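These notes open a run of structures that come right after.
Below are two complexes that have subunit A in common, paired first with subunit B and then with subunit C.
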Partner chain A sequence: MLLDGLFAGGTYALMAAGMALILGVVKVINLSHGAFFTLGAYVAYALAERGIETPIAAAPLAAVIAFAFGVFLGKSFVNPVRSHPFALPVGTLACALLFEQAAQMVWGPHPLSIEAGKPWIGPGGLVVRRWGVIAFFSSAALLGGLKWVLSARPGLPLRLIAEDEEIAGSLGMDVETIRYLTFGGACAMAAAAGALLSPSGAVTPTMGRAPLLLSLVVVIVAGMDSVAAIFLLSIGLGIFGNACAWFLSPQWSYVALLSAVCLLLAVRPAGIVALAGRRD
Partner chain B sequence: MTVQKGTFHRHPFSLIGSAALFLYLFSLASFTATAVAEAHPDALKIGVLAPLSGPYAAGGTSFVQAATLAVEQANAEGGVFGQRVTIVVGDTQGRVDVAKSEALRLVSREKVSALVGAYLSEETVGVMEVAASQRTVLIVPVAATAEITDKVRRDYARYRSVFRVGYSLPQWADMIAAFLSDRKVRRYAFVGAGIRWNRELGETLERLVVPRGIAPAYTAYYSPGNPAFDTVAVAAAASSPDIVILADPGRNSVSFLKRLREVAPALPALSIGGALGDARLAASIPLSAPVYVQAAAWRGVSPAATSYVDLYEHRFGAAPVGYSDTLPHDAVAVLVAAWRKAGSAATQAVVPVLERGAFEGVAGMYRFDAEHQAHWGTGPGALRGTIVRWEHGGARIVFPPR
Partner chain C sequence: MAAAPYRGGWLAAGIGLLLLFPLSSPDAFFLDVFTTGFLLAAFAASWDVVGGVSGQITLGHALPFGVAAYACALLTSLAGWPLPLALAAAVLLAAAVGAGIGGLSAPLAGPFVALLTLALGEIAHEAAVGNTFFSGPGGYAWGGEGGIPVALPWEDASPFSSYYAALAFLCIASFGMLRFSRSGAGLILRAVAGSPITAQASGVPIARFKRLAFTVGSAFAGAAGACFAVHVGRATATDLSLELSFQAATFAAVGGRGTIVGPVVAALVLHVLFQGLSLPPSARVLLYALTLLVTLRFFPGGVVGTVRDLALRIGGNGKEGPRSPRRRNRNRTGEGTP
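Right after this comes the complex of A and B.
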């Protein structure tokens, strides 16, 4: 149960990383994030159909395509509309639905699937969950990389914009460009996650919806300032959800998980990092 | 900040414009079924109710494709009373309210002579009310809840125009129970989505198999929104069953089976049908243990079934899954045959013919009982369905024993 929680949490963290970046730097709720996850999975499927069945090869291509789409969306829609707080979630949701519809028209409504491969058999016949391990280590690597970028010199503009856009602008930074490039980068992360995890389930136009909701929950509860908090909360929620499924009922895991999140937000609306006294 | 409002504000419109054009071009290709009906205003119309959008769009699309195929076959045989037959499609979106309003639109505005559908049990129960109030024949292909036939039994005068070609839940459970006995299963795990008919199927199956010495080792219903597959797969495997029954015909069955294979590579699984009947999906599942799929019919079961599968594959580019396509096909075939026998498409003429007649379909010979339920199961004269086992290179029929 603990191991499965780690693996499930890794999946949430993969999506939450990009979401946190968008919320922190661009300061918008991007409801099209799940659509980029789906895009990544379809790219992996398209490559698998052409004989390239390893999702590790599909992830970079998916990231490049999603980056291009993300930059386009960020530049043409998010940047000009972001000053209207209600318009943007509605607009990004519309983009997500548009993508789902387009995916249904291009690939059909039927679920698609990429070969999952044989399970890994460890010492003593121990069966290792291949896609769980990949999700966990990918998320650890992605969030570790993000943490490094944000703490190093290349991440300085991102940190500064997240802190105060006007000061960043007055220092000569091209805030608008950095915003849409960040948006594109976050979309690329979601697509890479979708490509990496595509063999673990079915590929469908709406497959990004559940990860979107859970990643949004993780980022809002963890706060977007601490990458470590996002990772740990993802793992915590994964374990909690699995514990509920195991001890109560699988149907209760989602309800219990969201109830716990509501309770946490009611107690500390600013997130758990604030709970630790690091953020107000 | 370096905001250039004049430049950016032009872009949303170009984005929306491109998106609208994109959707329009694709929509031209998507509504050909409706266009068929419009091209022949004097044709006999069958209203087909299926979800073409929303979470059940995959099953709904196969549903409409199979109905289209049946109508094309009917027209190739000369139509009905010299008239062409067409279908008019209503997209139910998987919602009861939409299904009812679409049914009403098809009957009152499109003037269809009969309805075939809907997809979900909940939708179908709603559509029954429209069919009953409009005195229109309704053939139910896939909805399995016992409520449909219960209504016919309790209020025959009102629901006498409703017939079901698909298997009811007790019949479905009976066919699964016969397979479990044949495979000498003693313990099984039952896993499905936490929706009404899955629970009904699980409970009915348990009632049927316990007297045969077969016991449920583990039962779980996951939330379709966040299925917690990992935990369910681990718990199911830990209960040491002889087989896992997947009572979910949708895409989640594929994801669950992949998880199950990761934690228990040697544990056999039986899918009650649907997505795992698709050869492309089955090819992506490790076959380290048997994967069985239940279907109404399959290539090789009979010449009619083989002919249907070949035709479907040729027409739509992929083989049918044997459930959400085969049964709608047979629903249309039965309806057309009843019209021909009755010499009329009028409800009062067709209902007695459906009640007394026998009608050939891909799955076999359809006869309806007093509750207007087609006779599926293991008894004499029943439509028996089939169970196949996926192997490298294709599926092999393993049940009923041949």
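Right after this comes the complex of A and C.
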């Protein structure tokens, strides 16, 4: 149970990092992030139905599909309406619901499951699930790559835009293009996380809601600066969520996450507002 | 959003048409569609009090709606209260819930209000789906997906009386909300929506007014919810669902936020259109989401507001609309953080 939480949390970190990237560079709260997670899971399911059962194959494919959708969404919706405080949360929520309903019409409302492969039995009867190991290490690798990209030269425009978009623009950077590419990339990360985690449980149209909230909590608490903090906090929340699901019932982990969001917002409004606004 | 320049004559004509409609002896199905539409329209208008007039974007507006529906069902069928008393209690409870939400969300800004209300609504929804605590007469458990029935004092309501009762409710509720949004408090709320910082600098206690907006909006939402439970005969978990909150936001966005009448018209038109075609529920939510996205993308001020701006620009001797040019420039250069 602990290990499962660890693996799931590590993969959620990938998604949370995407959320942080969007919040930092595009400066919006993307409520459709969970839909991309679901998209990844359904891609993995569709592949598994056709005999390709490894999430290693599903994750890149899901990422490419999500990148395409994300770029479209970022370019044609998020960028034009960014200055409208009403349009963004409601619009991204609309995207999420749109996708949920489309998934429900294509694949049906019933939970689907993917053959997870035989778990390995470690010493002392320790059950290590194969998907978990794969998901954990690939997301850790991807996160490491992200950290490197952000700190190295290619990530410079992203950091600059997060810091001060006007200076970035006056330096001749195409801020809008970088924005929608970032949006697409972050969506791809969410979809990859969904594909990697898909064998862990049931694939349903609304499965993306809990990871969405989890990454919101992570981003609110850990901030957007440190990939390592996001990683550790996601693991903690993954274990916490799994513990809730284990001791109570699966739906309670969703409720626990929701309550965490409410509590955070009630306790730390000033800190969060400062986080969403300009940080200088 | 400026006050709506709706002509009273058009409204009267619309109400007259709606009054005449049942006399054309339509199908009972269409009467039912319209009855539900009236209640949804009142709900959309109550969203507009919170989300439009005072600019607090709530995505959990189904919470007071559902709470009132459940309160009405539980009080009549479990506690055995008479229906009018239960209705009044349900509305009061919804207002109290609204005050609570408003109190929690008052220190928050912009998208975080949406986040908090969404989370609160989803908690209530999960609780309603999961709970089967109440055991009804006969020993079987109530609640969960099946919901809780409302004990009604009449056997079978005729579709005509439901239709006229719902229409009357819509007219009274919309009138009340319209009066509220144009009262002194409404004016202050519009100022808070426009710029909280300026409002605070002018000495407005913004937290108190935000709470007031949530309380009033939730009370009307609760009234709509209780009526809906009475009309349908039971309170179900869908009364608390995210989809319902989202529908209200859609109606308001399409009809023009802050106008009260706009969301009512949009709700009636869209609901009757989509429901009248008897689409499956998931297709309906899909269409609502599509409508909303297209509206937000191409008519950020709502369909009504954009048409009004256009008319002003064409009819106003070549003068441009009051707000649109600045907004478009902001979009193009991508300045201004949300």
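In the analysis below, the second predicted complex is superposed on the first by the 220 of 280 C-alpha atoms of A that agree within 3 Å, B and C clash if a C-alpha of one lies under 4 Å from a C-alpha of the other, contacts with A are read in each partner's own complex, and residues count from 1 in each chain.
Simple rule for what comes next: contacts are C-beta pairs under 8 Å (C-beta built on N, C-alpha and C of every residue); 3 or more make two chains touch, one makes a residue touch a chain.
Quick caveat, the model's predicted, so the values are computed rather than measured.
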item	value
First (subunit B), second (subunit C), both or neither touched by A:Val261	second
First (subunit B), second (subunit C), both or neither touched by A:Ala68	neither
Partner chain(s) touched by A:Asn242 [first = subunit B, second = subunit C, both, neither]	first
Touched partner set for A:Glu176, first subunit B, second subunit C, both or neither	both
First, second, both or neither for A:Asn79, with subunit B first and subunit C second	both
Partner chain(s) touched by A:Phe7 [first = subunit B, second = subunit C, both, neither]	first
Contacts of A:Gln101 with subunit B and subunit C, given as first, second, both or neither	both
Subunit B versus subunit C as contact partner of A:Ile56, first or second or both or neither	neither
Partner chain(s) touched by A:Leu214 [first = subunit B, second = subunit C, both, neither]	first
Shared subunit A surface residues [contacts with subunit B and with subunit C]	76-77, 79-81, 98, 101-102, 104-105, 109, 165-166, 169, 175-176, 249, 251, 254-255
Subunit C-touching residues of subunit A, taken from the complex the two chains share	27-29, 31, 76-77, 79-91, 93-95, 97-98, 101-102, 104-105, 109, 165-166, 169, 175-176, 179, 209, 213, 216, 249, 251, 254-255, 258-259, 261-262, 265-266, 269-270, 272-273, 276-278
Residues of subunit C defined as touching subunit A within the complex	51, 55, 57, 59, 104-105, 107-112, 114-116, 118-120, 122-123, 126-127, 129-130, 242-243, 246, 249-250, 253, 257, 282-283, 285-286, 288-290, 292-293, 296-297, 300, 327, 330-331, 333-338
Subunit B - residues contacting subunit A, complex	1-5, 8-9, 11-12, 14-15, 19, 22-23, 26, 29-30, 52-53, 55, 57-58, 60-62, 194, 220-223, 225-232, 234-235, 250-252, 254-255, 258-259, 261-265, 275, 278, 280-281, 283-286, 288, 318
Of subunit A, residues touching subunit B in the complex	1, 4, 7-8, 73, 75-77, 79-81, 98, 101-102, 104-105, 108-119, 127, 129-132, 165-166, 169, 174-177, 199-202, 204, 206, 210, 214, 241-242, 245-246, 249-251, 253-255, 257
